[in-house]
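My questions all concern the structure below.
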Amino acid sequence: MQGIPIRPDQASTIAQSVDHLYFFITAVTLFFSVLIFSIIFYFMIKYRRRSPDERPKAIEGSLPLEILWTAIPTLIVAVMFVWGSTLYFQNSVAPPGAMEIFVTGKQWMWKVEHPEGQREINELHVPLGRPVKLTMISEDVIHDFFIPAFRIKKDVLPGRYNSMWFEPNKLGTYHLFCAQYCGAFHAGMVGSVIVVEPDEYERWLLGGVQGETIEAAGERIFKESGCSTCHLPDGSGPAPSLTGVYGSTVHLTNGQTLTADDAYIRESIVSPAAKIVSGYKPVMPSFQGQLSEEQILDLVAYIRSIGLPQDNAKEKQQEEGKK
Amino acid sequence: MSTATLEPRVQSPRNYLNADYGWKSWLFTVDHKRIALLYMVSITFFFVIGGFFAFLMRLHLIEPQGALVQPETYNKLFTLHGVIMIFFFLIPSIPAVLGNFLVPLMIGARDLAFPKLNLLSWYIYIVGGLFTLYSAIAGGVDTGWTFYTPYSSTYSNTQVTAVAVGVFITGFSSILTGLNFIVTIHKMRAPGLTWYRLPLFLWSIYATSIIMILGTPVLAITIFLLALEHLFHVGIFSPQLGGDPLLFQHLFWFYSHPAVYIMILPAMGVISEIIACFSRKRIFGYKIVGFSSVAIAVLGFLVWGHHMFVTGQSVYAGLIFSFLSFLVAIPSAIKVFNWTSTLYKGSISYEAPMLYALGFIGLFTMGGLTGMFLASIATDVHLNGTYFVVAHFHYIMVGGAVMGYLGGLHFWWPKISGRKYPNGWAMLSAAIIFIGFNLTFFPQFVLGYLGMPRRYAFYPAEFQVLNVMSSAGASILGVGYLIPLIYFIWSMRYGPIAEANPWGATGLEWHTQSPPPTENFEHIPVVTEEAYAYSAEEEALRV
Amino acid sequence: MSQHIEPLKTYVTVFVSLISLTLLTTAVAFIDLGPFNTVVALAIAFCKMMLVILFFMHVRHSGGLVRITIIAGFFWLALLIGLTMADYQTRTWTPPPQAWSKTAPPTHP
Amino acid sequence: MSDTQVEHAEQTGLAHQFEDLSQQHDADTFGIWIFLVTEIMFFGGVFAGYAILRWFYFAAFEGGSHLLDIRLGAFNTVVLLGSSLTMALAVRSAQIGSRRAQIIFLTWTLILGGVFLGIKAYEYHQKFVEHIVPSLDWAPEGEVLARLAPGGLNHAQLYFFFYFGMTGLHALHMIIGMGLLFWLLLRARRGDFTPAYFAPVEVVGLYWHFVDIVWIFLFPLLYLIGGRY
């Protein structure tokens, strides 16, 4: 350690742009602090009381001045708002084709699952220069996945998928923190993010225990948990076929329609009665508490893989949009 | 204006302090001034406890692996530090102590509109405090003062219910105090005391009361529901049954963000009084400063979502809340500019209250400006939940609100106690607090930017240097807070007798004797002048 | 005390209107109006509230201060529900997730 | 004793901090209005939660709502509106200085409040019989189960939590109000209230009307979800 650290690493594509805004606000803060401090010091000396009976003239105020120092801060914060929001808005949606990694938070560890089935705990290996989208859920309380070097964080909620994305642009090992208080060993829910060259990442994926891919795991759970006995691929069972469902428009018994996404698939597993597909009876039991969030993620991945092909899904959405 | 009673104390010492004796005369009093003193003693007690917890935390954090306690204990320390400091010290500090003492005096009334209700508020506060102390003794609570579900409702097996009940009960104390102030300011002003003649302290107390009555009930019901969840697992804030943890956060922050303004607005009012008095000038832009208090109170209700930028709140709601959060910065900036301009061509003297007031402006400016990092979503994503947030709100709440409270205490102490305190020591303590404070909390800005999350019982070694600096500053700060405690207690017995108006201040409270008689004024005064009539012309008119 | 004393007849008329509105809202519940059932029920409740506030609570003869106080109360309630709802209602506005793809082309050469 | 204090002693019911009864009356009524605003926000927290979860799980809330007895709900609304009328008349009697009428109307208000709570208690009892009390006795079966199942049992439990939470909070306010009414009744019998001094009657009256207004909204929000056709 050399002296006192004052800046975290910049290791993602957005880190630099966030820092620029950070420096801008810092500059504004410094400017106004110095301005106020020096004016106060100047007045304190210049207008110090020279005799006990001194009575200064009353000054009521000045409208032009009030307008001036309302307008200037308004302009400055307007710039900050637009700047900060644009940056945030741009970064709120992952670019198409980002590779996806699943994260499950649990008191007090992070479980990471790569699409090829490689699993790790409290570590996250990612390839350099490739956008990565994290889909995250918690098994218990609220956690928060925070990578300071990437300038990103997002709460990991129980019962709901949250996602965020980043594109690492610097090799190295960086801190991973839980930034939402989650109980006794909150401070121990830390790990590291390891950015490696893409080919090294491929090698890493192949190394270690050669497990099944995430879809394969999902398919296995689909069979083991008995899903496949009702959800027959041809739709002849008591439950709708799941082939081609993901990304498609689903019609419900109450007349509503929705696009089948991760949240819908998850809800249908844990509280199947909430949204019943038109033409079917609410006979499915809830799997809440029987499947872990990791297993549900595997199932979601499997149902995605038998869903609409991506191009079709896009076209379909565009059609819906036109209507 | 009524004539000040300036008879020698030896002959006519009758005042609210010696009007009656014995514990019953205190515990059953309905005199707002005595109730203010009851509050003062109780919040000082809680401040010492909360401060002690903070001291232990800073001591613990000297070493990366934690020097003192187990992580579980550390979690309880910061939770109780937050709960006690916020609900049992900061929120009642200026309103319930200085506000209670001064509101009737400043408006020329004999008491608040509902004196019995006022006493009831104190008892409610004490009952809430006892629940909280019980929870601390019975094993503590480890949810953080924010009580986020589902951790607090389902997973924490500490004394969540006791502390929730404590906070719930104390909420009603705050509600009733706010109600009392609003009715009193509306209905009990002395003849001639129009809204635009009110001291700015009353404007800010009024704005504070609005937040207290509109925000606190939402906290009360939220905490109540939380306690039900913890006891019966009803699940509207927990996902097991389909409830939503973010719903809790929405309801919680609907109060808890405006609560920050409950702490800072009265301090701003105190600062306006002090600056006017010690520069012998009317506050520059009186009306604008007054209305900016109300603007802060109203806007403060619209910004709570900035605590939830990274929770998975909708992107669009985030944009709205970010925009509104920036808007709150503007009335705060206006206030700072107006205070600074008040000094222009003034006659500035440097007594202890003025040092506290100037310290307030400095620290509040820093605290307010660093708030912009957190209002801007892109930077907040990085800084949310880190030590940057901790540093920011301590600059506002400790650098701002506590500085304001101490400044006000120094300013009105002669009126409250009838005694003077040693000015040299007071100025020294103001300087020590200012230095100690900055040393404690400035490093935390850097820590936050580096990415150190808050509420960590142990941390990576590279953060150690800054943490040690912070802990060192905390020990200086602790000394700074001890000194006033000692000389205030000393002055109650040994301090020189204070005259009715030791600072040469305007305002009705200075026109009655020190300490005031139980009924405040012999005759209800008639007000014929604006607030802060310090100029020679206005002075001449008065005589 | 220059309090306005409402004639007995007013109270009785208001009471009869309130009862009628209660019967009306109950009756409407048995008619299918789709989502408008809720709207009508709340509109009727609002009318009933206004009757109680204006007549039983004498706000018809109260000063501006009381009126502002009441309006402020409901305004803040609307803020609480409205801004909270603003979050929930707009959550789905963000683009729906993309379907599965694990072979993303690297964006950096 | 100063002059003002002598005057104070002459005006019955005047507290020491006020100049005259008119100021006191103003402060008292304004005070209760402020208090009612805090009550709006207090109930508002639950209403906000209700609004969001009902929006999430409309079907479940609808199913739960249909298990409530709409006739009892409507009848209770009428009872409570009646008590509001008698309360308003009690205030009017105080204004015109009729002690007898005050006592009669206050008694009727108390009785109607009691009837309301009695019916409410019966409804609560029914929920225990049907085992649809969230977390304490949650085991719906038979037809009840069949009606709740479409919306999901967990979510129906949330509805019933809101049902008990909101009506319970309302009933608590009723009980407090009845305590205050009883106190008023004692004071009215003693002849405390005159056309010049009746602020306590008016203040309790405003509170009672507010509690009535809360019920005016609870009735459609809990009993009439999604209609009954």
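Per-chain residue numbering starts at 1, and chain names A, B, C and D are given in the order in which the chains are listed.
Note that contacts are C-beta pairs under 8 Å (C-beta built on N, C-alpha and C of every residue); 3 or more make two chains touch, one makes a residue touch a chain.
Note that the structure is a prediction, hence the values are computed from the model and not measured.
S.K.: Could you name all chains that are in contact with subunit B and with subunit D at the same time?
M.R.: Both-contact set = A, C.
S.K.: Looking only at C-beta pairs that count as contacts, which pair of chains has more of them, A-B or A-D?
M.R.: More contacting C-beta pairs are found at A-B.
S.K.: In whole angstrom, what separates the CA-based centres of subunit B and subunit C?
M.R.: Between these chains, centre-to-centre, one finds 35 Å.
S.K.: In whole angstrom, how far does the Cα centroid of subunit A sit from the Cα centroid of subunit D?
M.R.: Using C-alpha averages as centres, the distance is 45 Å.
S.K.: What residues in subunit D touch two or more of the other chains?
M.R.: In subunit D, residues 30, 34, 37, 40-41, 44-45, 48, 52, 57, 152, 154-155 touch at least two other chains, as defined above.
S.K.: If a residue has to touch 2 or more other chains to count, which residues of subunit A qualify?
M.R.: Within subunit A, residues 92, 271, 274 contact more than one other chain.
S.K.: Could you list the positions in subunit B whose residues touch two or more of the other chains?
M.R.: 186, 214, 218, 240, 242, 244, 246-247, 250-251, 254, 312, 315
S.K.: List the residues on subunit C that touch subunit D in their complex, please.
M.R.: Those residues of subunit C that touch subunit D are 1, 3, 5-6, 8, 11-12, 14-15, 18-19, 22-23, 25-26, 28-33, 37-38, 41-42, 44-45, 48-49, 52-53, 55-57, 65-66, 69-70, 72-74, 76-77, 80-81, 84-85, 88.
S.K.: Give every residue of subunit D touching subunit C within the complex, in rising order.
M.R.: Touching subunit C: residues 21-22, 25, 29-30, 33-34, 36-37, 40-41, 44-45, 47-48, 51-52, 55, 70, 74, 77-78, 81-82, 84-85, 87-89, 92, 95-96, 195-196, 205-206, 209-210, 212-213, 216-217, 219-221, 223-229 of subunit D.
S.K.: Quick check on the complex: what are the subunit A residues that touch subunit D?
M.R.: 254, 271, 273-274, 276, 282, 286
S.K.: Residue numbers of subunit D touching subunit B in their complex, please.
M.R.: Within the complex, subunit D contacts subunit B at residues 2, 4, 15-19, 23, 26-27, 30-31, 34-35, 37-46, 48-49, 52-53, 56-57, 134-136, 152, 154-155, 157-158, 161-162, 165.
S.K.: If you look only at subunit D, which of its residues touch subunit A in the complex?
M.R.: Going through subunit D, the ones touching subunit A are 57, 59-60, 149-155.
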